[in-house]
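Shared between the two complexes below is chain A, which has chain B as its partner in the first and chain C in the second.
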Partner chain A sequence: MIGDLITGYGFWNPLIWIIVMATGLLFAWLIWRCGESGYDKGTEQTKPYLSGNDEPPKSDVHIRGGNMYWGFTHALKGYYDKLIPLHSGVVNDYLTWFVIGVIVIFVVVMVI
Partner chain B sequence: MNLLLDNLPALLIAVPLLGAFLVPVIGRFLPKIRDAWIILVSFLASLAAVITAAAVFLKGTLVYVFGAAAVSSAADSGGIPFRIIFTIDGFGAFMLLSAAIVSFAVVLYLVASQKERSGKSEFYALYLLLTAGIFGMVSTGDLFNFFVFLEINTLAGAALVSYHRKGGIAVEGAIKYLIVNTVGGLMVLFSIGLLYAQYNSLNMAFLASQMTWTTLNIVALVLFITALGMKAGAVPFHFATPDAYSVAPSGITAVMVVASQAGLYGLFRVLFTLYGGSINTVTIGWVIIILGILSMVIGVTMALPQKDIKRLLAYHAVSQTGYMLLGVGVAFAVLGDPAATAAFGQTAMEGGLFHIINHALYKGLLFLAVGAVIYRTGVWSLNKLGGLGHNMKWTMVFFLIGALAIAGIPPFNGFASKLMIYESVFAFNPALSIIAMVVSILTLASFMKVFHSVFMGPRLPEYENVKEVPKLMIAGMIILTIFVIGFGLVPDLVVDSIVSPAAAALLNQGSYITAVLGGGL
Partner chain C sequence: MNIILSAIGGTIVLAIIGIAVGLFLSGIDRRIVARMQARIGPPLRQPFTDVKKLLTKQSIVPANAIPWLFNLMPIAALASSIAVLMYLPFGSLAPILGEAGDMILVLYLLIVPSLALVIGGFASGSPYATVGAQREMVSMIAYELPLAISVVIIAWRLMAANVADPFSFMTLMETSVWDVAGPLGIVGLLLLLFLFMWITPGELSKVPFDSPEAETELAGGILAEYSGRNLGLFSLAQAVKMVGIIAFGVIILLPWNLSPVFGMTGAGAAVIDLVFFFVKVIVVSILSVTVVRTMMARLRITQVVKVYWFVFGGIGIAAIILLMLDAFLMGGV
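Moving on, here comes the complex of A and B:
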């Protein structure tokens, strides 16, 4: 079939995938069409409801990059505490890693 | 016309070199046509690369001897070929294609993004030198010539990294990149010296025909692996890569990805063509695999907590290099086992190579899209950006496509190559494949963060007046987007027409040797 990429165990066909996705989107659109459309844009109906409080400034509600995945990095604190200092920005360290790499690979290749 | 076609391999180098040397002259006397000149030269160089690649895919390995009609050797030399010889097989042609697409797309982008900058003549001259260096590295069949092009690549790349950012931070990144890669280049030269001292030749095909498993050759191989791995940005030799990528002009970073991949080309060429089956492929294959796994895991985990948008992308470049090393490493580990090679080794190789061109395209696109954001806002920090999707819709769409592609989401090109890697590597060792999938999930998570923090959210007051970037910058991104989507929609055609010939060229060492030396040696 046109578009079949043989991947070893099976195949991948993006055209089939697109047809399936398009069908799914069509159903989603049909369901959306059944929804309530009688609201007025730009009125109280479309404003976020924050328990009666005023909406804060836009710049305050945007979730910045630094707010994301802090839990992930916190959970792996031990890992990051060791990994980040290795990226010291010092060229001498970079070249030391090069030398270490050369030695380790040479020993591995000679021994095994 | 025939004269031009017959000398295409020479034009690959001559066009960008001549163009580079004339840019300052044109910039001095005819500054109004300088931009048109750089676009024309880049187009012609890319056209030469595409035609050369097409010729190789249609007719087979192309051997071009500088200064003679055919390969020749002195009567008493034992058949050692002399003169500089370009040997472009399926793998070289594949790399040429990748470099040609990205370098031309980036030129369009640069002409607009650098419009207000000073020193453009020298900047473009360096850019064309970098292009010549990349084309030369993937075309030459001579080891010393490879070293020369590697140095051109490094020097021009470092100069471009430092070119246009105030405050000295770019110069610092460039100097680190220069020092580290120059040391790597010297190690490559030392390795070449070790081989030359033993075999009296610098020709790769001749050396491949003579290669044996000696201690000197092992030393040379280890230095080749580490030095070219450093050029490619593989962990633990990757440290200078994010330092340089994060401070370079964004268009330049897109091409630096291809420049790094030329180092990867050198590594695979040395492994498969120069050494081939004469070495312990299982051990060396596992060394490459471990470098790949380290690159994937450390690259992506270092990317996740980054706040600097370009540094984050740079760590992802390291991570994606790991996929290529993993796929090709598995193929090398089973090179001595024809049954395993046929069952999954060749697919692993094809997946790894396919990922090279895919990565060049979507990472190039991502760097250009991020460059567009920086071009309009002047802000690198993810903590300060936000809501730009309201004002930069085209850039947002391009970034989203690149992000989905790098995360391996169908139907984009990254998914096709990753799937080939997952399935073939699973047959070799399931744990490696699972690690690759986990890294892909983390990549998606990382790009969700970037996409949300840069483009989503309410329109922020500080970016109220931000506009979309100029049309030429959009044009550069459109070219890459077309390939990212196209390669994802018809991956079978891409694999059959350019990836499989590249993998076959690497797997069949004998055909490379025969193409240059004939059956005489």
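Moving on, here comes the complex of A and C:
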């Protein structure tokens, strides 16, 4: 079939996927169009819902990039506590880790 | 040309069927939860009524939102949920696009509705929704590990048994992994079945893995600012995704059909297999979603990660070891 991508084990056809998605988007948009579109702009109802509290400054409530994966990093705290100090910012350290990594991969591939 | 027409026509037909079956499943879920809590519960058609009513309600776009992204994401979520169904076989009916995508593609497609939710949550500019979106992302990272393990090891076991195209759904229709596995492999597959039962509520953000929505804590979290037709479309997307993920689990781990038992062929076989397929979907939905959400409380997001990575990840690795040993003992490798 035209456009087939075959990896050796897996396969897919992005062109067909695009056609399916386009049809799905059109179908979903038609349902969306059937719905009520109006609302009272510029009134209380457009304020973010915060259980009746005033909205704090955005800088206080927005999640920053560094906290994006909080929950994951906190659950694996033991791992990250060991990993983060290894990121010293010194190129020599990174090269050493790279060489160690290559040796480990070499041993795994060649010996095992 | 034929495949393009099949893609367009199939998408529309499966969209209608997926929405109908998904909302019906939601109705069964709500009814059984109510009965388990000694309530009468809503009628089975209640989810249909809810969506119909949502379409008549105002669809408010919050002042802080990015309007085009906020409105686009419910549409994208529904479209991508429908796309999943196009690649799945139903009973003995071959997938409409079985030759245009495999299990790996479905794995990726299952992520898209969740990503749409995340983007929609961030685009709403609400603190509750932002926290919910952040949690949804972390949940996705958490449950993808055991899900990927389940799919890859099943394909690997088929490959070890010299089955060609192990990731293809057409292959799965012809060769069940249970048929090629020995005793150790069957234990491993039972572990994977158990695993899949716990991945399903995570994929659907159902209790105990509903921290992205967390009504009592985040007032709906990721969906806090969604209303009217936008919320209605997310409800439809969730319903269709429910059919997709449960059907996916049934196809890879409960692949049996009834027609061979009765020696049936032709259209009769297709119908009885289709009915049996949806019975399996309903049973799995009740066991892995309804019963679980009735008997458990919400886990914290850190607990969700620990459970999926350490407990279910560990079970997945045990299943890998058992299936690999099985392949060696059966002489496939």
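Remarks
The definition used in the following text is that the second predicted complex is superposed on the first by the 87 of 112 C-alpha atoms of A that agree within 3 Å, B and C clash if a C-alpha of one lies under 4 Å from a C-alpha of the other, contacts with A are read in each partner's own complex, and residues count from 1 in each chain.
Here is the rule we use: a residue touches a chain if its C-beta (ideal position, glycine included) is under 8 Å from a C-beta of that chain, and two chains touch if they have at least 3 such contacts.
Because the structure is a prediction, the values reported are computed rather than measured.
After overlaying the two complexes on the shared chain, residue contacts for A:D93 are found with chain B alone; chain C is out of touch. In the superposition on chain A, A:G101 contacts chain B only, with no contact to chain C. In the superposition on chain A, A:W12 contacts both chain B and chain C. Using the contact criterion defined above for the overlaid structures, shared-chain residue A:E36 touches chain C, although it does not reach chain B.
By the touch criterion defined above, A:I63 lies against chain B and chain C together after alignment on the C-alpha atoms of chain A. In the superposition on chain A, A:F72 contacts both chain B and chain C.
Shared contact residues of chain A, touching chain B in one structure and chain C in the other: 4, 9-10, 12, 17, 58, 61-63, 68-69, 72, 76. Residues 1, 4, 9-13, 16-17, 19-21, 23-25, 27-29, 31-32, 34-40, 42, 45-51, 55-56, 58, 61-63, 67-72, 74-76 of chain A are the ones that touch chain C when the two sit in their complex.
Across the interface of their complex, chain A is touched by residues 175-176, 179-180, 183-184, 187, 218-219, 221-223, 225-226, 229-230, 236-237, 239-240, 242-243, 280, 283-284, 287, 298, 301-302, 304-305, 307, 343-344, 347, 381-387, 410-411, 415-416, 419-420, 423-424, 426-427, 445, 449-450, 452-454, 457-462, 488-492, 495 of chain B. Here chain C touches chain A in the complex through residues 3-4, 7-8, 10-12, 15, 54-64, 71, 74-76, 78-80, 82-83, 86, 97, 99-105, 124-128, 130-131, 134-135, 137-138, 141-142, 155, 159, 165-168, 219, 224-225, 228-230, 232-233, 236, 301-306, 309, going by the rule given at the top. Interface residues of chain A facing chain B in the complex, by the touch rule stated above, are 2-10, 12, 14-15, 17-18, 57-59, 61-66, 68-69, 72-73, 76, 79-80, 83-84, 86-87, 89, 91, 93-95, 97-98, 100-102, 105-106, 108-110, 112.
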